[in-house]
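Think of it as A, B, C and D in the order they're written, each chain with its own count starting at 1.
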Amino acid sequence: MIGIVDTGLALLILGLAVWAIVARDTFAAVVGFVAYGLLLTLIWVRLHAVDVALTEGAIGGGLAGALLIGAAARLRSTEAAARSERPGVPLRILAAVLAAGVTAALAVCVLTLPVPAPTLAHETAAHVAATGVGNPITAVLLAFRAMDTLLEAIVLLFALVGVWSLAPDRAWGGRPGPRQRADPNGTLAYVARVLPPIGIIVGAYIFWVGADYPGGKFQGATILAAMWLLVMMAGLADAPPIRKTWLRLGLVAGPLVFIAIGFAGVATAGAFLAYPEGYAKPLILVIEFALMPSLALTLGLLLVGAPQRQEER
Amino acid sequence: MNEFLLVAAAFVLAMVALGLTRVLRGPGDADRMMAPLLLGTGGIGALLLLGAATGADGVIDVALILAVLAAFAAIAFVKASEETDETGSEDNA
Amino acid sequence: MSAVANLWTILTVSAGVFFYFAGTVGLLRFPDTYTRLHALTKADNLGVGLVVLGLLPRSGSVLGGLKLLSIWLLVLLSASTVSQLIARAARRREPRA
Amino acid sequence: MSTPTLFGLSAAVLVGLGLYGVIAHPQPLRKIVAFNVIGSGVFLLLGAIARRGAAAGMGGDPVPQALLITGIVVAFSATALAIALLLRLFGETGSVTLSSDAPAKADGDKAHG
């Protein structure tokens, strides 16, 4: 029976992917892709990767969905012009042949994966106790491969700098995104008042259980960012001007704490990002606590986009 | 018992798939926006049934995240379409 | 005891699955956007609710049960408000089309 | 067919589909979506490999799973940057064409946005 569920999931995800690629209407394709992201969450659960499912649900289903659908709705008027630029049949056949070749090569790789599968689960299990955290994924993210996580937080910041740098000169330092008109008695304002308190609790909960169970700062921060965006979209609070010092400090605080602890590791434990014996868990908690608000700010501002409005005085 | 829950999950997934074939075809953007809604209810139902059947822990938390963010994509759509309607960019949807 | 719980689960989950079925039939058969939105957001939410109720005895802990119930409440909240917003967006475009 | 193999093969198809979309679609937003399909195909492949490495009481190899979390977040940030670029291009020129022989009317007054 579980085989039928798996096959159904695989067929559904493939069907949605085909739709997202071949649909005539761009908006239809984008909506199909959002559904695809939500469905992928179920597949991660079937692959026993609940931490990944949480990330996919928060990012793929929430933030990326809002980003893509918002863009598709705004770019509707460019639809007709783009259709005329469609490449000719020979190029499309060539692309199909190339894509089929890549698929075939990957399929061969999947079918000839080594048995027994190589795994680092034993090593992780052997060393996870030394970090004091119960969730092996958190141990990998913040102890064994902490460098990846640090660089990831910095990549997010760079992406935000990239987005900001798209601002026209006159709007530099101003508020990002269009001004939202608030309707204080509207349905949207109602959701934006009721949902964020619940969302903040859920976000904090997902963050907190991350030490021992599936969850963690990325997933928690994504939910917080989504709640902030909801309040902004409803017009209950405006996006902050990007020149504000507190905003920039908040953005870099998490990575700075991470880097500081990394360098402290050079002095106390002999390597960058190494933790002294017995201090691993408190240090991991400090990093997570510092990183989460910065990540939430960064993710939220990434979605709002480039500054568009010069501050009015 | 688990077998029953799996059958239920498969059935709900089939319903979601059928519903998707309808809403993605449109005709309007509003129809298409029902696809995330459909996944919000059907997807969460199937996820909970699947989690209960296979005993994987943490699945309830995944459903919780999906439920909190279920409205998010649709709200972004509503705001963006309001914006384009106001600026008068003609869309013959 | 567990036989009673199992019976409860089977009954409510079956009822929930039936409402998913009804919602999909409505989605496929109803003639316009508003009625389809109605079918989707009403029937499917009842489906989620019944599935949640059916799984309650299996949740194992009070916290798990509370989380299940809050999932249902959240889905109800978002579906009810989002259906309003989407219907309004569809309505705004109608006179032009 | 085992679950990891099934989803691994699906992942291979997803990568192919996305690759076709990136090449064949003229519209940048469609290219972004197609690129994300490729990305999720790669992630799914890695997820299937992680699942095969289940051992020591874990449902999957935790190292690739942690990489996946990092990957999903980084892919999202790249998507957000791409869309911001696209919306800026649209705001500047009123179109989103990537074609080099399109009328370059916006060149003259790009300085003051």
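As a convention for this text, a residue touches a chain if its C-beta (ideal position, glycine included) is under 8 Å from a C-beta of that chain, and two chains touch if they have at least 3 such contacts.
The structure displayed is predicted, hence computed values, not measured ones.
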By number of C-beta contact pairs, the top two chains = A-D
Centroid spacing, where centroids are CA-atom means, of chain B and chain C in whole angstrom = 11
Report the inter-chain centroid distance for chain B and chain D in whole angstrom, where each centroid is the mean of the CA atoms.
-> 21
Centroid spacing, where centroids are CA-atom means, of chain C and chain D in whole angstrom = 31
Spell out, as numbers or ranges, the residues of chain D touching 2 or more other chains.
-> 59
Sequence positions of chain B contacting 2 or more other chains = 16, 29, 33, 38, 40, 56, 61, 64, 68, 71, 75, 77-78, 81, 93
At which residue positions does chain C touch at least two other chains?
-> 70, 74, 77-78, 81, 85, 88
Touching pairs of chains in this structure are A-B, A-C, A-D, B-C
Which positions of chain B touch chain A when the two form their complex?
-> 3, 6-7, 9-10, 13-14, 16-17, 20, 24-26, 29, 32-33, 35-36, 38-40, 43, 46-47, 50-51, 53-54, 56-59, 61-62, 64-66, 68-69, 71-73, 75-81, 83-84, 89-91, 93
Provide the residue numbers of chain A that touch chain B in the complex, in ascending order.
-> 1-2, 4-5, 8-9, 12, 15-16, 19, 23, 25, 27-28, 31-32, 34-35, 38-39, 41-42, 45-46, 48, 50-51, 53-54, 57-58, 61-63, 65-67, 69-71, 73-74, 76-77, 178, 180, 188, 191, 195, 198-199, 202, 206, 209, 213-215, 219, 223, 226, 229-230, 233
The answer for chain A against chain C in the complex is residues 187-188, 190-191, 194-195, 198
Provide the residue numbers of chain C that touch chain B in the complex, in ascending order.
-> 6, 9-10, 13-14, 16-17, 20-21, 23-24, 27-28, 33, 36-37, 40-41, 44-45, 47-48, 51-52, 55, 58-59, 64, 67-68, 70-71, 74-75, 77-79, 81-83, 85-90, 92-93, 97
Note: in the complex, chain B contacts chain C through residues 1, 4-5, 8, 11-12, 15-16, 18-19, 22-23, 28-31, 33-34, 37-38, 40-42, 44-45, 48-49, 52, 60-61, 63-64, 67-68, 70-71, 74-75, 77-78, 81-82, 85, 92-93
